[in-house]
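Here it is: the structure, laid out below.
Chains: A, B, C, D and E, in written order; residue numbering restarts at 1 for each.
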Amino acid sequence: MEAHVVREGTPQADDVAPDDVGRAVAGLSAGSWLWVDTVNPTPDELATLQSELGLHPLAVEDVQHRDQRAKLEPYPGHLFAVLRPLSIGQHGLAESELFLLASETFLVTLRFDPECDLSAAIKRWPVLAKLVPGTGSALYAIADEIVDDYMEVVEHLEEKADTLEGRVFGAIDRGSDKSVHLQKSILRLRRDAVRLRRHAVPMRQALDRLADDSPLMEERLVPYIRDLTDHLLRTIELNDGVREVLTTIVDIRMTQSANQLNEVMKKLTAWAGIVLVPTLIAGIYGMNFDHMPELHSTLGYPLALALMAISGVVLYLNFRKRGWL
Amino acid sequence: MEAHVVREGTPQADDVAPDDVGRAVAGLSAGSWLWVDTVNPTPDELATLQSELGLHPLAVEDVQHRDQRAKLEPYPGHLFAVLRPLSIGQHGLAESELFLLASETFLVTLRFDPECDLSAAIKRWPVLAKLVPGTGSALYAIADEIVDDYMEVVEHLEEKADTLEGRVFGAIDRGSDKSVHLQKSILRLRRDAVRLRRHAVPMRQALDRLADDSPLMEERLVPYIRDLTDHLLRTIELNDGVREVLTTIVDIRMTQSANQLNEVMKKLTAWAGIVLVPTLIAGIYGMNFDHMPELHSTLGYPLALALMAISGVVLYLNFRKRGWL
Amino acid sequence: MEAHVVREGTPQADDVAPDDVGRAVAGLSAGSWLWVDTVNPTPDELATLQSELGLHPLAVEDVQHRDQRAKLEPYPGHLFAVLRPLSIGQHGLAESELFLLASETFLVTLRFDPECDLSAAIKRWPVLAKLVPGTGSALYAIADEIVDDYMEVVEHLEEKADTLEGRVFGAIDRGSDKSVHLQKSILRLRRDAVRLRRHAVPMRQALDRLADDSPLMEERLVPYIRDLTDHLLRTIELNDGVREVLTTIVDIRMTQSANQLNEVMKKLTAWAGIVLVPTLIAGIYGMNFDHMPELHSTLGYPLALALMAISGVVLYLNFRKRGWL
Amino acid sequence: MEAHVVREGTPQADDVAPDDVGRAVAGLSAGSWLWVDTVNPTPDELATLQSELGLHPLAVEDVQHRDQRAKLEPYPGHLFAVLRPLSIGQHGLAESELFLLASETFLVTLRFDPECDLSAAIKRWPVLAKLVPGTGSALYAIADEIVDDYMEVVEHLEEKADTLEGRVFGAIDRGSDKSVHLQKSILRLRRDAVRLRRHAVPMRQALDRLADDSPLMEERLVPYIRDLTDHLLRTIELNDGVREVLTTIVDIRMTQSANQLNEVMKKLTAWAGIVLVPTLIAGIYGMNFDHMPELHSTLGYPLALALMAISGVVLYLNFRKRGWL
Amino acid sequence: MEAHVVREGTPQADDVAPDDVGRAVAGLSAGSWLWVDTVNPTPDELATLQSELGLHPLAVEDVQHRDQRAKLEPYPGHLFAVLRPLSIGQHGLAESELFLLASETFLVTLRFDPECDLSAAIKRWPVLAKLVPGTGSALYAIADEIVDDYMEVVEHLEEKADTLEGRVFGAIDRGSDKSVHLQKSILRLRRDAVRLRRHAVPMRQALDRLADDSPLMEERLVPYIRDLTDHLLRTIELNDGVREVLTTIVDIRMTQSANQLNEVMKKLTAWAGIVLVPTLIAGIYGMNFDHMPELHSTLGYPLALALMAISGVVLYLNFRKRGWL
C-alpha cells in the first residue's frame, strides 16, 4: 500500500505510512489531497483504511466480496465506485476490478489481479488539475482510461469477428474437427461480447449518476463526463454490432453446412446411379437363357461394352444438365 | 408457532403463548419488539395472529392461497412482504415461500415447506441492531440471506451450463439416447433459469419499494437495501448469461447433429460407391458372350481382380482428396 | 333483462321493470343501489338503458360492436368497463365478453354468449358490502372472479404444455401423422397462450386506472385492487412461461426429427453397405474366365460363402464400433 | 378542386371558386366552416391554397414530397395531419395518402391515388355537428372511417393467414413449385402485416397528440378520440397476432419439409435394402464353382426363389416393425 | 481552410485568413456571421480555430479522435454537433464525418474524407436566411440535406433487397458458388442496414436536443426540425423493413436449400430403386441351377427383358403417383 500527498495533480515523493493516513488527510494544505493506492489489499489494510478515513462498512464489504457490478454509490462523507477494467489477455477478455473511494480530501484506489494499469491516467492528472483541481478530475482521468480500454477491446472483438467471417466464407472445411474449432471460436467471442456488455451497461449508469448528483464533480467537469458517456455508448453499439455479426455467421455456417451436404450427397448418389445402369446391362448378358442371339454374335461383347459406356455418358450428361453433378 | 421478545437483536428465551401475542406487543419496553415464527401455519394460527396483531385480511388471504409473486405491500399498521427463497435441491431448483409481516413492534415470519433456513439471518440481528435498532434491520438481514442464496443458485446454474457446454464439445454422442438425455438436462436447466428470473425480478421491485417508501426503513438502512438491489441485479444478469449460453448450446448441438449426419452419410455413400465399380467389372466378366477374348487368357482372372482393386483404390484416393472420406 | 335494488350487497327479490330503471335509481334509499343484468342485450334494451340511466353513446356503441379490448373508461356520470372473461371450453380457450357500467347508484352488467357466470361474485357481495358499501366493491368482486378464472386457464395451459413436453420426450412417433397431430396441438396451445396474453395485458392497464383515478374506488378498496393486479401479473408471467416452454418444445421436436433421420438413414445405408461387399464377391466368382483355380476346388464354394459371411461380420463390427449401427 | 361552405355538418350546394377560398373563409357565418377537397392536387392548386389560407410552407412541402408517416403537426393558425388510409386491393394491401389541414374555419382534404373514399365520413358529419359543431368532429369522422378500414384490413389478413395455415396442414404439396407459391403467399402476407403496422403505430401517436393538445378538439370529443385509439390498439394487436401466426407457419412448414424428406428417403432406402438381399442370393447361385450341390438339385431353383422371397418378406416386416416403412 | 463572411445567407467573395478569424468575428455587422469550412483539417488548423474562436477542448479532442456517434453537445459559448453523412459508394455504404461548431456569430464545418458535399445546403441558405436569419437555419439546411441522403440510401437498400428477393425466388442456383455469392450480398446489405441504423438513431436524439434546448434555434425553426425528425423516423422504419426482409430472405433461402436437397435426393434414390429391380431379375436368370425351365424356353429371354421393362415402368408410375419422382 502506498499513500502520497497529491499537489497540483502530482503525487509527491514522500510516502505516507498506512496508519498515518488519517492524520495526513487532516493536515493537508488547500488544493492538495491524499492518494492511497494498493493492489490486492489485505483485510488488515482495508480495516486500517476504514478506521483512518471513516469508510462506510458496506463499501468495505463489497470490496471484500469482489466480483461486483460497476456502480457508483454516494455514502455519507465519501463516494464509492466500482469499475471493471477490461483488457485482451491470452485467453480472451481479462476482467479486472478497481474499487475507488473518493472524497474532497482523499482518493483510494484498490486494485485486484489481473492488476489494471493506472499510470496513463496518473500522467494526465497534472494537466487536468490545472483545469479543475481536486479528486474529481483525477477520478475522471481513471474512468476515461478504462473507457478507452473498452474501445480497444471492442475493436479487437470486431477484428476477430471479421476474421471468423472471412474463415466462414473462404475456408473449405472438410473435417468436422475444424468445424468444432470454428464453433468454439465463435462461442468464445460471443461470450466476450456478452461480458463486455455486462460491464459497459452498468458503467454507463454509474457515469450518469456521477454527472448528475456527485458533489465532487464541478460544473466544468460535467461535459467531460458526458463525453465519456458518449464514448461508452459507441462502445456498446459497436459491441452489439459484433454480436449481430456473430449471429449471422452462425446462421451462414449452418446454411453452408446444409449446402455442402446437399452437394456431396447429390454427387455421390448421382455417381452411384451412373454405375448402376451398366451393372444392369452386364447382369442381362450374364443370364443363362439358351436363346440369347446377341451372345453368339462376334460383335456382341464390344457392342455390350459400348452400350454400357453410352448409358453411362448419357446419364452423366443428363445429370450434369440438371445440375446434379 | 414460537413467539419471542427480541431485545437488542437477541430473541429472549421465554416464549410467549400464541394467544398472548397481542398483550405481549402492548407491553413491550422501548427498543424491543416481538418476533413470531411458524412453519406451515394452520388456518387457526393465522386467524389468531390476525386478531391479535390486527393483520390485514388480504395479507392473510395471500398467505392462505400460497404461490405468490415476491412483493411488498404497505397495509395500514403493518408491512406485508412475500419473499421466495430458492435453493438447489436434488431435483433442481427448490422454490420455498416466506411471508413477512412487520410493524415497528412485531415481525411475523411465516415459512412453508421446503422450509427456508433463517438461522444465518438471526445470527446477524444483534450486530445490525447496534447499528439500526428495530424490525427494519431484522427484515434486511433476512432479505440479504435470501439474495445471497440467489447468488449461490445462479453460480450453481452457471457451473451446470459450463458442464453441459463441455459435454456438447467433448462428447462423441453416438446413440440418440444420450442426445435425449442432454436435451433433458438443457431443458431442465433452462427452466431453472426461467424460474430464478421469475422470482428475482419482482423481488427487485419489492426491494425498490422497501427503500423508497417504507416507514420501517430508517435513512441509515437505505444504502444497505441499495447494496442488496445491486447484488440482485448482478444475479439477474448472470442468470441471463446462463440462458444465453443455453440457447447457444442448443444451436451448436443442432449444427453438430447436422454435421455428424453429413460426415457419416458422406462416408457410407462413398464406400458404397467404391464397392459398386468392382461389382460392375465382375458383372462384365460374368456375361455369357461367346466371343470374349479376355476370358480365355490365362492372365484374365488376375488382371480382372487387379482392375477391380485398382478402380477401388483410385476411387478411394479421389474421394479422399475431395474430402468425402 | 333483470333489475334489482341491492341493499347491503344483497339483490332484493322484487324486480324492477326495464323502463322503470331511471325512476328506481332516483328513489333509492341511502346505501343501496340498482343492479341491472342482462345476457345478449337487444338494441332495444340498450336504448332503454341509455335513456333511463343517461349512458354515454360511445359506451353503448362499443357494446354493440362487440369484441373490444379490456378497458376502463370514465365517462361523465358513470364508469364504463370492458372485461374479457376466459374459460376452458371443449375447443380450447373460450372468450366471453362482459360490459360493466357503474355509477354510485347503479351497476349494469351486460353479458354475451358464451355467457360468463357471475354467481360466485354475487355471493361475495354481502361480505364486501360490510367492508366497503357501494358499487365499487361489487365491481371488485366481479373483476376478482375473472382474474381467478384467468389463473385457472393458465394452470390448464401449463398442464397441457407439460403433457406435450412429456409426449415429445417419451413418444417414439414413427408416422408423420402423429407429428402433424403434435404440431397442431402445439400450435393451438400457443394460440391460446397468445390470446390469454392479449386479454390479460389490457386488463391490467384497466385495473391500474381503476386503482388510480376512479371515484367509485374508496381508499379502503385500493389494496384489494392492487392485490388483484398482482395476481394478474403472476398470470401473465406464468403464461409467458408456457409460451417459452412451447418454443423449446418446437425446437426440441425439430432436433429430434433431424436426429431420427440421422439414425435411420445411417442404419439403412450401413446395412446396404454390408450387403454390397458379399454381392461383389459373388460377382467375382460368377465371372466366366477359363482359368479361375478356385472354381475347381471342392472347398471353393464353402470358402466363398465363408468369405462373404466374414466380410459381412467384419463390416458389421466395424460399423458398430464407429457408431454407425 | 371543390370548395363548399359547411353549415351544421352539411356541405352546401353552391361551390366556392378556388381563388375565392380566402374571401369565403373571411365571410363565414358563426358555426359554419369551409371544406376544400381535391384529388391529386396540382402544384398550382397547392400554391393557391397556401396563399389563400396561409398554410405553413413545411405542410405544403410534405404534401408535395408524398409518402409521409402518419402524423399530426400543429402549425401556427392551423393543424396539419397526414393519414394513411389502407384498403385491400387486387395485389394485396393498397396504401393511399390523405393530407388534412384544419383550422376552426376551414378543413382541407388532399387525397392521392389510390383515392380514399370520404363519403361515409361525410354522411356522419351532420349527426356529429349536432353534438360538437366545428371542424374537430368532421376530422374525427374521417379518422374513424380510416381506423375502421384498418380493422377490415386486419380481418382480411387474419382470414388469409388462416387459409395459409389450413393449406400448410392440409395440403400434401409434392412439387417444389407449390412450395414456392406458398412461400410467396406467406412473404406477401407478412409484408402486408408489416406495412399495416408501419402505418398504424404512428397513427396512434398522431391520435394521442390530437386528444392531448389540439385546440380544435373540445372536451366533449376527447372520449371519442380515446375510443378511436382503443380500436387502433386492437388492430395493432390483431396484426401482431397475424405476424406471429405467419412465423409459426414458416416454422411448421420447415419442420414438415424435413419430416417429408425423412419419410420418403427412409422408405426409398428401405426398399433398396430389401431388393439388395435377393440380389446377393441370385449372385451366389450365379457363381461358377464346380462343386455347388444346390445347383444340381431339382428343387434348387424354386428353393432359391423362395429364399429370395422369404428374405424380402422378413426384411419388409422387420423394417415395418421399426417404423422404417 | 476557407473562411467567409455570410450576409443574408450568401457567403461573400473575400476570404478571411485563418489566423484572422477571431478578429473577423468580432467585427461582424448585425445579421451576418462567419462561415469557416475545411476538409480534413490538420491539427494546426484545429489549434488555430480553437484559440481564435474559443472552442471547447473536448470538442476539438472529439474531432481529432474521429469516428464519433452523431450527437449534439452545448458547450459554453458554442454548440458542437457530430453528423454522419452517408452515401452509396462502390463498395456499399460510404460513411463520412461532419463536425459542426456553431454560435450566433460563426459556423465551422469540418469535413473528412470521403468528403460530404455541402453545396446543396449552401444554395438554400439565402432562402432560409430570409425566413430565419442567423446560423440556426444554415445548420438546419445542412442537417436536412444529410437526412435526405439517408432517405436515398435507404431507398437504395430497399431496391437491393428487392433484387435479392427476386433472385432467391427466380434463380435456380445449382452450384454452391452462386449460393455463397448470394449469401455475401445478403450479409453486406444487412451490414449496411445495421450501419445506417447506428447512425440514424443517435442523429434523431441529436435533432431532438436541437429542437428542445438550443439557443440558436428560434421558435420559428422548431417545426422545421420536427419535420426533419419525422423524415428521419421514416428512414429508420424503412430501414427496419429492409432488415426484416433480409431475415425473411435468409429463412426462405434455407428452406429452399432443404427443399432442393429433398427433391434431388428423392429423385436420385427413386431412380436407383427403379434400376435395382431389373438387376435382381437379371441376377435370377444368371443363376446356374440345372433345372431352370425358363432358361430353355425360346421366349425366355424376351419375356425376361419384358419383365424387367415392366417392373421398371410399374415402379416409375408408382413413384410418380407418390410424388417421389
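Note that in this section a contact is a pair of C-beta atoms (placed from the backbone, for glycine too) under 8 Å apart; a residue touches a chain by one contact, two chains touch by 3 or more.
All values reported here derive from a predicted model rather than from experimental measurement.
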item: Topological distance between chain A and chain E, in contact steps; value: 1
item: Contacts common to chain B and chain D (chain labels); value: C
item: Neighbouring chains common to chain A and chain D, by label; value: E
item: Inter-centroid spacing, chain D versus chain C (mean Cα positions, whole Å); value: 25
item: Mean-CA-position distance for chain E and chain C (Å); value: 41
item: Per-residue multi-chain contacts in chain C, two or more chains; value: 254, 258, 260-261, 265, 269, 272, 276, 279, 283, 286-288, 292
item: Complex contacts: residues of chain D adjacent to chain E; value: 56, 58, 61-62, 67-69, 71, 73, 75, 172, 174-176, 179-180, 183-184, 187, 190-191, 194, 198, 202, 250, 253-254, 257-258, 260-261, 264-265, 268-269, 271-272, 275-276, 278-279, 282-283, 285-288, 292, 294-298, 300-301, 304-305, 308
item: For the chain D and chain C complex, residues of the former touching the latter; value: 165, 169, 223-224, 226-227, 230, 233-234, 237, 241, 244-245, 248, 251-252, 254-256, 258-263, 265-266, 269-270, 272-273, 276-277, 279-280, 283-284, 286-292, 323-324
